Structures are given as C-alpha cells and as structure tokens.
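Multiple structures follow.
Each of the next two complexes has subunit A plus one more chain, namely subunit B in the first and subunit C in the second.
On to the complex of A and B.
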C-alpha cells in the first residue's frame, strides 16, 4: 500500500547512503586512525538500517545491523581497522548493493546474507564486549533504545546543557492509528502540542520525512521540557487517531562517561567547553533533524520533466531566431527593442535550463575508487587512484554515456599500464602505482584525463601490431607523429597486452571507447613516455542540445559548423594555395594545413551565375585533436546558437553530417560533422 | 494477392496523382498534406531523397515519388503536394503531383495488379481499384519504405 509510493525514494536514498558508506570506507582504509570517519559510516549504516526495517526488507536490516555492530567496535577502539576487517565490511556493502539493485528491479530484496553476517559476527566475537549497548533496533518493544544510540555530538551537548538548566529530556514514541488517512496532519498536530510545552530537538524519521509521510505509523521525538511525562502523554493523546504514546526519560550519564573516554583517546570533542566552530560543523554534517530543514531548498525533479522543459525551450529558441529575423527585416524600433529584450531574457533562461541539466562528474567518478581497489587486489598490484575535479559539471546526457568507456580506460591503465610491485621496484619506482583521474573545464569543453605512472606504451609494439592487423601501412606510419601512433590503440581489434586478461582484454577494444566519445562530440588523444606512464585525454562538449555554430554558405546552401571544432576563420589568397600529394594545402601560421572543399565533399550544385570567381578563399580552420584542416566555403554568415536535431532513423549515417537545425527563416541547415572530414 | 488480407473492411484512402495515373494510400498512414515548401538537399544520399524539410519544428525527410518510381521528373507547381506519412513515429514526406480526394474503397473492389501499370514496379503495388470510370493503383507502403530502408542502410 502506502509503501510502494516511498519505494522510489527509499531506493534513491539507499543508494546515496551506500555511496557515502563506500566513500567513507575507502577514506577509512587510508586513515585507519580517524574515528570520525567511522562515525560517518555508522550514521549512514544506521539510517539505512532504519529505512530497511521500515520498508520491511529484513535481510537488509539484519545485515546493516551486524555491520553497525562491527563499526561500533571500531569506533570504541575495540577492533582494529585491518585489511581483513575492511574486506569483510566491503563484502557486506556489496551484498547491500545487490539487495538494493534487486529491490529497484522489482525484487523483494531477499538475499542470502548468512555468509557475510557470519563473518561480521566472527569479527564481533574477537572482542565480545560492548555488544549490550547495541540493542536490536527493529524491535518496537524497546523503542527507547533505538534512538538512544543515535544522538550525535551536537545533540548530546544540547541534551547535557539543557539538563544543567533544569530541563528534562524525554524520548516519546508515538504510534498513529493504522486507519489514519492524513498521517502528516496528525504529525503536525502532535508537533504543535509538543512545541507548546517544550522544544523538539530531534525526530526519527526527520521532520521533513514525517511531513512527506515517509514513515509507517510510528515515529519518535526527543523533547526538552519542564513538563511532567504524564502530562505530556495526556496532551498528545488528545490529538485524534493516536493509538499509543510511550515516554522514556533520556539518561545522559552514559554519554558523559563516553566522552571522558573519548577525550583521552580520540580528539577533543566539545563537551563542556562550547568550541563553537567545530560544533557548527558537526551540526551541519550530522544532525539529521537539522539537515532536513537546511536541505529543504532543493527538490527532486524527475529527469523526464527536465527533458520536456528542454524540448519546449528548444522550440522557443527556434522561434526566437525567426522573430529576430522578422524584426530585422521590418526594422521597426519598438519591435526591435522588444525582440532584443526577449532574446536577452531567453538567453538567460537558456543558461539556467542548461545549468539545471548539469551534473558533477562525481556521479560517474564515485564508483571508481571501489573498482580500482578490487581490481588492484585481483591483479596483485598496488594502485592509488587520485581523483581531481570531481565537481566539474557536464550535461546529464553526456554523464549518462561516459561511465562505461571511462571504466574501460581506467581498467586499461591499471591492467596494462601499472606494473606489478616487484617490477616497479626494480625499475626504481615506488611500489604503489598512481592513476590520476582529472576533470576540468576549458573554454566550451570539459576535459577528462586519465594519467598513470606505469610502463607507458611501447611504440614498437603498437606499430608491429598495427601493421600485423593491417590497421596502417608502412607509408602511413612515416607521416605519423608519436601521438598518432599511440592513437592506433583505438583502431579496431587492438590489444597490446601480452596475455589477454579478463580485466581489459574482453574483446571490446578501445575502438568502442573512442566511438562512444566521438558520438558525444568528443575527441580522445593519447600521449605516453615509455617507462614513465601514459596520458589518455578526452575532450567533451559541455552540452549537446543547444550548440554554438558558425553558419557558412556554399553556393546557395547553408551549413553549420560547430564552434567547438573551429580554431579560427581566415581569408586567404588563392595564390597562397599549394599542391602537395594531390592535396591542396596552405601554409597557415607556419603549419601546413590541408584544404577541404565543402562544395566537392557535398557535391553542391554550382550557382547559376558564377560570381565565386574572386581571388580569395574563405576558410574555417577546424581541428580534431592535434590534426587541423581548412574548410573552404563561399562565405561566412556568422555565429548562431542553434538547436541540434537528428535527421531521424530514415536518414541515419549520412557522411559528414551530424544532424540538422532549423534556422531563423524556417529553413533547415545541415550540421557538418567535422570529425569525419579530418582523416 | 497482398490485398486479400483486408477482405472484410472498406478502405479509406487518399487519392493522389503521379504523371497520368491516380494512386491511393490508406488514410491511416497520412498525417497531413502540405503544399510544396523549401527542402534542404542532403549530400550523398539516394537521388530520390529530395532532402529534409522543417515540418512545424520536426526535421522531416522528403522523397520524390516520381524519382522513386522512375517516372521522369517535372517542375513543382501550384498543384504539387507533400503527403506526410507517419509510420511508427517516423515522419516522412512524399512529393506527388497533386492530392485532393479522400475515398472509401470497398475491399471487394480491389483487384490484383495487371502486369504493367504506369511503369511502377509491381512489387510496390497492392492492387488496382476500378470505381466509376476511374482506376486507382493502391500502393504497398510497407514495401516502398522497406526497400528504401534497406538501400539507405547499405
């Protein structure tokens, strides 16, 4: 019943919590001494457990519960963070992930977790103390225990201080009648009653979830008040449709003991002294009650709706172009002003809408640390993955696509790039290899780079293999730069690993990686130094749907060249054009640039009266990675924002055309696929 | 032959002209009938693909049916129409000499194609209909598109 509505939210949040656990576990592995990280993990696990139990996924709750126990041991310094412990906890997280995946695929979340639970229990068995503190949560009979363990530093401080000021803290468990239709309304009424007699410092689930009815029928609040417990109960029961109220006094003593212990061992947590800065930070990070109100400023929007918004806006951009054209023809001042204003506003709007679709690459990057960890264990290598610029933003459509090819490249770097520790040692490197994953903005592009300090690419091997497979000829090779030779790795059917491993030699070559990126308008380049390492660089456009183009005219046809591919435009005298190997070239800024005549490539019918007979060529200089070419056109019209549209299924695969757009006058102009024009 | 599949039902068709002949396509496939409008040529595709046009914001491929059937071309004029078809969500335009009638054809009136009809290869035809002194050729849309899809893909 009501649960199904929350299932989606549950899945979303579970994934977030799992990700947080994953991230923090990796962090913990790096700094095993930092117990504050354990706290973070603990909190995520705890929330997960609560959510799982509420939604009735017992295996999930059971497993998290055991995981929590282990974490608690770590937190209390009763268990050391060893690789073995981490492995088991990671295993548990893997199982949790599987459960969530199962649930999101419509399964019942049932999973055989016994094996992992047993491992976890063994860990607990090593140091059997302190398990009493961790009473089972899911049982509603002892609700007071449930939340007792869940106060964070900040809340404890509040509790302690208010007790000093004569307030009493109560945990109140309120159960609503199962037939209640308006749960949120009842909750609201209960809160109103409570706030008349004291302060609610915490509720489980948090206030915003209560508001959205994200709970079954029972919730727990912690109240600071001077009113007696009995009176509170009476008052709450006055609200209709409340089936039961259970009140328990909060005992602050264990916390006090705890903190004195912690003080000696860990870090100075503010107990008596109001170390405010830290307090504030803590509050932000951890108090779930507060979190709700602070995060209230964001909403979740279904991605489909954003897509619809984008589509509608694209229509608007087309009409804007049309309006601009009409107004420039009519030349009416008032009309011009209005249209200009509208253009400006819609420009702002465009920026906002495009920004809304932007997501940090972290969405993709965050799964790599785990992957690298398990991969390096599997291969017996030591690899340190460094991620830089995870906050860099890209359009959602691009984010959705780049995950798999990046996985491929990273696997490739670790499998083929990073050497085994003993090899590294003997060549004078540190045993641990480093793979650096970088993302950054540059102009209209986002660059993603994967750099490793491994063996580098053996050029000879690449060349031999390429010749063997007929990817290139000896002649071609003579003209190639080193980078171009490394680029051969991306040609079809290429694998330089001496033995095919199941890690990256799975038949899918790097050519798939390249074509995926190219279909997104991206460019992949490789550089490498033998023995020092390699660098894979991917250049991606910021967004796909509305792009900046240079409109050019060839005879009577108009074509759009994406600005991202253009270096500059130029006009050259025909006398400056030379022939080399049957190819017309120019000497442009000290570089030999081949010319591509668009009217030949596109077989453009010549104009009736030949007025092109002047002494100059108009050029659009384009690039693809290192390679440069000059497109010869009749005239340059100017720069425009256009909406990229596909030619549809019927006309898939037209050479050197990547799509079409509708111009201001309603005509269709084709968009040139510059990548296809540069060989 | 193929026409026998619709024996029980009457067909509502749109009648259009190509050269001297009249042809019919089921009305269910037709999304709209447009006047001739600017079409942007697409380089490097089959000659019968006239190009693409902007149909209310949707880029729509346009096919010259005369060229498709190997009938000699003729200048577009006032009567020229573009039949916009919608097949499985893909929009497609057919340039024809003219289109003005909608008719109900009793399924029983559909006869097998005689051997030669106006030079259009037999495989594209579903049959002929004789009605009140007029002769219509019923087109086999699937075949026309299928054939083209194969070619375009090759």
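On to the complex of A and C.
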C-alpha cells in the first residue's frame, strides 16, 4: 500500500469517526446520563488519536488526546455534562473536522488548536499551557521509560481474541547496550527468547528494519504470552548486551492503552486490570459491534470506477437498442428470443448498477443536526430537528448536489420560520419549534420535505415585495394560486427577511436553491399557512443517467420526452382547438390546456407531404407542478429506455433541450426539457 | 571450576581469550585450531563451554557447532565473530549457539557472555 492509499483510508475512517462523534455527542446531549455513549465517543476519539499520531498529524493527536481526557472525566463521573462542556467538545470536533478537511485537500493538517486545547484543559482542571510542554519535556528526558505503541484495527482484533483465549499481551521495550556491534543478531536472539514463550505480534521498528539495524538501541515488541512479566524480563536479560527491559501490560480495552502511557510502570498493573477489562468487554457485547459485521459485507470501491461502469453500461444500452431494432427487422425467431433475453438480463443489470450508485440521503442529512443545534443557539431559538426517512436512497450524483441547497432551506426555516421562544409562547405554541426533514420514495421520484411549525409565510409581504422588485405584475397576481404566490419566494432577486441576518440572508437567494434542484430535474414547491408553519417540498428523480422517455416524431426528427413529465398522450381533432390570449388552447378533460407546437419551437423544416390532410393533432400532455401543457407532435413512436448524454460544453444553453441520446437505429434524438416549455 | 575449550585458527586470538579466562579463574580444557579438531576435542574433553570462531580452515565454526550439537545437544557454545558476519551469527544461533562475542574482544563482554551462558 502506498502512502497515498494509506491517506485515503485514513481520511475515510477519520470522517466516519468524526461523524460518529458528532452523532453520539448530540445523543449525549439528549441523554446526559448515558455513559455508554461517552464510551462510544471516547473510542472514536481514541482511534482518531491513534491514527493521527501514526500519520504524523500532531495537532490532530494533541487535540483528540485532550478531548479524550475530558471524556474520561465525564465517564468517571468527575465532570458533569453541561451545555458549556458540550460546547467546548463540539468546538474541538469542529477543529478536528477542519484538520481532516485540510488533510483531504492535500494540506499538512496543521491547525492552531491551542485555544480549544486550553478550554479542554480548563475543563480537566489543569493549569492551561503547562501540561503540553511538561509532557513533552518529560518524554524528552526519559525516553526510555515511555512506551507508546499504536495498534491498527487488525492488531487490536488479534489482541482481543488472544486475550479471550487466556493470553496476556505485554509491550516490551528493550534497549541494547550502546556498544553492541551486531545489533541484528542480538535482536534475533531476543526474538528467539520471546518466541519460546509466546508470540510477537508487532514490533517497532518493524522486523525488517530491525534486521537492517535501522534503529538506535531501543525497540518495542508486543508479546502475547501466558508467562509472567517478571519471568519474561529475566529471560530477556539472559541475552547479552541488553541494557534494559521495560514491560508494560497492554490493556486490551482500546482507549485505555494510551492514557496509561505516562504511568507505564508495569507489572503491578496486571493485577488490577482484569476485572476492569471484563466489565468493558461486557459493555462491548451489549452494544453489538455493528461496524464489525458491516466491514465483512462491504468493500470500498472508488466512485470513479462506478462511474466508468455506468458509462460502459450506457454504451451497452445503446447497442442493446440497436440490436432490438435489427432483430425486429430481420424477424428471425431465434434471434428475437436471444435479444429479448439479453434485454431482460441487461434490464436487471441496469437495476443493479443503478442500485450500486444509490446512497442513503443520510449522507447529506447527517450533518444537519449539528447545524441546527449551533444555528438555534446562535439565534436564541429552540428548535427540534426531526429526520424521517434518512435511509431513502438517491443516485450519488444527486446526493452530491443537494447538500448545499438543503442547508439553505433548513436555515431558512429556522431563521424565518421558527419564532423566538417568547413569541411562540404568546401565540400559544410550545417554546420549542419543530423542523421536520422527511425523505421518501414515490414512484420514480424521491421527495424531500422540510416542514416547520413556525410563523408561516406572510402572503401580503411576499406579494408586496414581489411587486416592489418587479418579479410579478398585478395582472399576473390575479391569476395566481396561493402556492404560486409562495413560489415567488424562489424568484430571482427576492428576500423577505426584514433584517438581513448572517444566517440565511447571505445574498444567495432561494432562487439559487430552486435552480440547483431544477438542474437535477427536480421541482420545488412551497405551501404555508400563516401562523401554523410552512412546507417546502422537493421532488427529485431517482437517477439521472438512464431515463424512460416517450419518443415522438416531428417531421423527420425524433425527440424524447421524459416519461416523468408526461401525464398522458392524446389525439385531438383540429376543430377542438381554440384561441385564447393569442395562444392556441384545447379544452381537455374540463381544463384549458395551452398547446405548444414543437415544430415551431425547434424550427423543424416541414415535411414535403402536405400536413393539412390530417385532421388530428397528436398530443403529449406534460406537466410541471400544477401547470399543464400539450406538446403538438406529428406522431408518437413509443416508450423507450434511453441514455441521457449531455450536449457537451459547446452547447450549454440550448433552449428546451436537456440532452441527447443515440437510438437503436443510430439516429440521435434530442431530449426535450419540458420544464422550459411551461411558463 | 568451569572448563572451557577455545577454538580459533589464530593462536593470537586463542591466547587473548585464554588470558581473559585465566584471569577470571576458568579452567582451560584445551585449544583447537579448526573445526575438525574442535569436534574431536569436544567429544574427548566434554568441556562446560566452547568459544568457537566462525571462520576457520578445514571445517568452519558453524559446521563444528552443528556436529557438536547433534551429538551433545546440551553443549554450551559461544560464537566468536568478526564484524560483518551477522548472517552467520544468526545461522549459528539458529543452530544452537548460546551467545556470541564480537572481535576485537573486550574482557568484560567476553565474561558477561560466558557468565550468562553458564549462569
């Protein structure tokens, strides 16, 4: 494994642990008495520390070390979990996050952690500043007496298992006489002695470096044995040219190991620890290690590879279309059967590949509890965030994009929606406002909803503001439904906040939120009741790259209309077309539906054949939210699975075209962006 | 009083070790100048300890060590090595040598090794 691969794993795992810390801290805040949560946090912090130290990120290690100390106090009932304590720990976690972000951006993970460390030290009742240096100098003076060995997960597993089998683990620091000439041979002898009485599972420096004499005079080994520490020491000292041997019991409980570093002196500890250990192990069992089982069932695959797989599969889908076409032309039964079978299998394959790219929205949602907590503190509001359906899955490309706009919407709900506690009280609500974040599947879509029980949207204000800013005219307003008026919030250049706060009045309006979601094929709607709260609803497609479309023909050209936008298809007599407001409309199922002539919009040259001999229009009825329109086409071809290909960078702003696809017969069909056709 | 068999092809080296051992009240059982001699003398004298040079004509120290060990598994043999013979020293230890000392000899190191093996 190269260094960079190590780093990748390091970053991944660090992020997992940070997330675990965050989640558990929030949990702890809710149940301050639950010390098992503290244990979980401690474990994560400790692992982080070990990993950080191994990779040489000292600030990370330093900070986690201090966090650990504070958590230890909490765990031992020496420190109460107050809001103040939580704030400081959260602050530390923020710093840790920054460090990890810095590292993942190629930085060196250096961070000024002094301020937070000082806070943490104050919590520990230490004189700030002193301890760090002290520890450092102590280490410098007496390097021989400190053993500080880190183990990776695999080694811990070995340690834990062997302890269950009755072995004791010792860290043994052995120093050779400074005059030793053939150090490697001496080390060899030591190992030979050790291997007679147990198993050496780790040495620092590693064995090959010891063999090449790449060490000064001291090395550390971890030994699993049933022999007593004293006897081990005697046996090692039997080897010539050994100047000193220090033995320390390894506490299997992972987070204990490093804290005992300073007081490492040794053998006596063996007596006191077993009881403790057992207790710890019990705890472990009671909270089943979900990580362990998951690890066995998943492998990490680089996202790029999945993208490549997807791309290749898309090519296959195109060829499949071609094959289907050819086989239907040849009309050979055997060929037809084979192709049909292949289509079915590739359909299954497609489902699997798409599923592989699906990730739970939790990936995005999990950062919100923290955000809501700090935001509500900042604003002096009481907010309870409820997350429902975090396991709902969405395509990775969509997940990546929706984080920021969702943050914006949630901020918006808390800042503008939820009232201050006193206001809520006087209007007969509970002091604590609730923001509910929901995600759920519905058909080919995933809905994400943000509902708050706050003040709701003041329609008058929205209207006034919209008129003021020239977003709408009075005339337009008369025709608008309430929902459409609320939708004005998302129009560009709009902000109803009376005072611009640094929370959601950041100059980035809700219009950016809307356009982000729309670029993903999503639709945003708002509903609200004054005084009761608001509901922001986002409808997102499950996936972006392979979509179901209705193929239509306009003169000689083929167009694809996404099935998700289609309500139905229809054929109407030309006599049923009326004109209203300079627009051709039809009366369709009791509704007035405006017609959009695709050959006009896309300026398709008319066919040679005279069209007038046809008394009917073929229609595709599409919708965008509440609005409906009928696309007039020459003929309807049928439903197809197609691969969405972007038009590329050169053709970025083509009106009403969202991409292109290659059909089975090799023709290119343009994909109609129905949202742009409905005003 | 422990008896020691000194094996080295250089008489100068044998002398040095002999000198050190005598000063520390050891009994010199005999001296051998090569591996073959060493094996024969060991079987004849059954000393408590052997100091065995590695590089010797006829039969080197490691060969001799192996032979002695095969007939007398309990033999206490300390290898005498020069710098740069690390691999051979390790071979010797694998083959059952109890310790090694490195030339140029230092009296305390030699005694340290011998006492450890005999102690």
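Criterion: the second predicted complex is superposed on the first by the 496 of 679 C-alpha atoms of A that agree within 3 Å, B and C clash if a C-alpha of one lies under 4 Å from a C-alpha of the other, contacts with A are read in each partner's own complex, and residues count from 1 in each chain.
Quick note on the criterion: a contact is a pair of C-beta atoms (placed from the backbone, for glycine too) under 8 Å apart; a residue touches a chain by one contact, two chains touch by 3 or more.
Quick caveat: nothing in here was measured; it's all calculated off a predicted structure.
In the superposition on chain A, A:668 makes contact with subunit B only, while subunit C stays out of contact range.
Contacts of A:188 after superposition: subunit C is touched, whereas subunit B is not reached. In the superposed pair of complexes, A:315 makes contact with subunit B only, with no contact to subunit C.
By the touch criterion defined above, A:645 lies against subunit B but remains apart from subunit C after alignment on the C-alpha atoms of chain A. In the superposed pair of complexes, A:603 makes contact with subunit B only, with no contact to subunit C. In the superposition on chain A, contact is made by A:238 with subunit C only, not with subunit B.
In the superposed three-chain model, the partner touching more residues of subunit A is B, compared with the other of subunit B and subunit C. Residues 38, 40-45, 49, 51-54, 57-61, 90-92, 148-149, 152-153 of subunit B touch subunit A in their complex.
Of all the residues in subunit A, the ones that touch subunit B in their complex are 315, 318, 557, 601-604, 645-657, 660, 662, 666-670.
Residue ranges on subunit A touching subunit C, taken from their complex, read 179, 181-182, 184-185, 188-189, 192, 238-241.
Per the touch definition, subunit C reaches subunit A in the complex via residues 81, 83, 85-86, 89-90, 93, 99-102, 106, 109, 112-113, 116.
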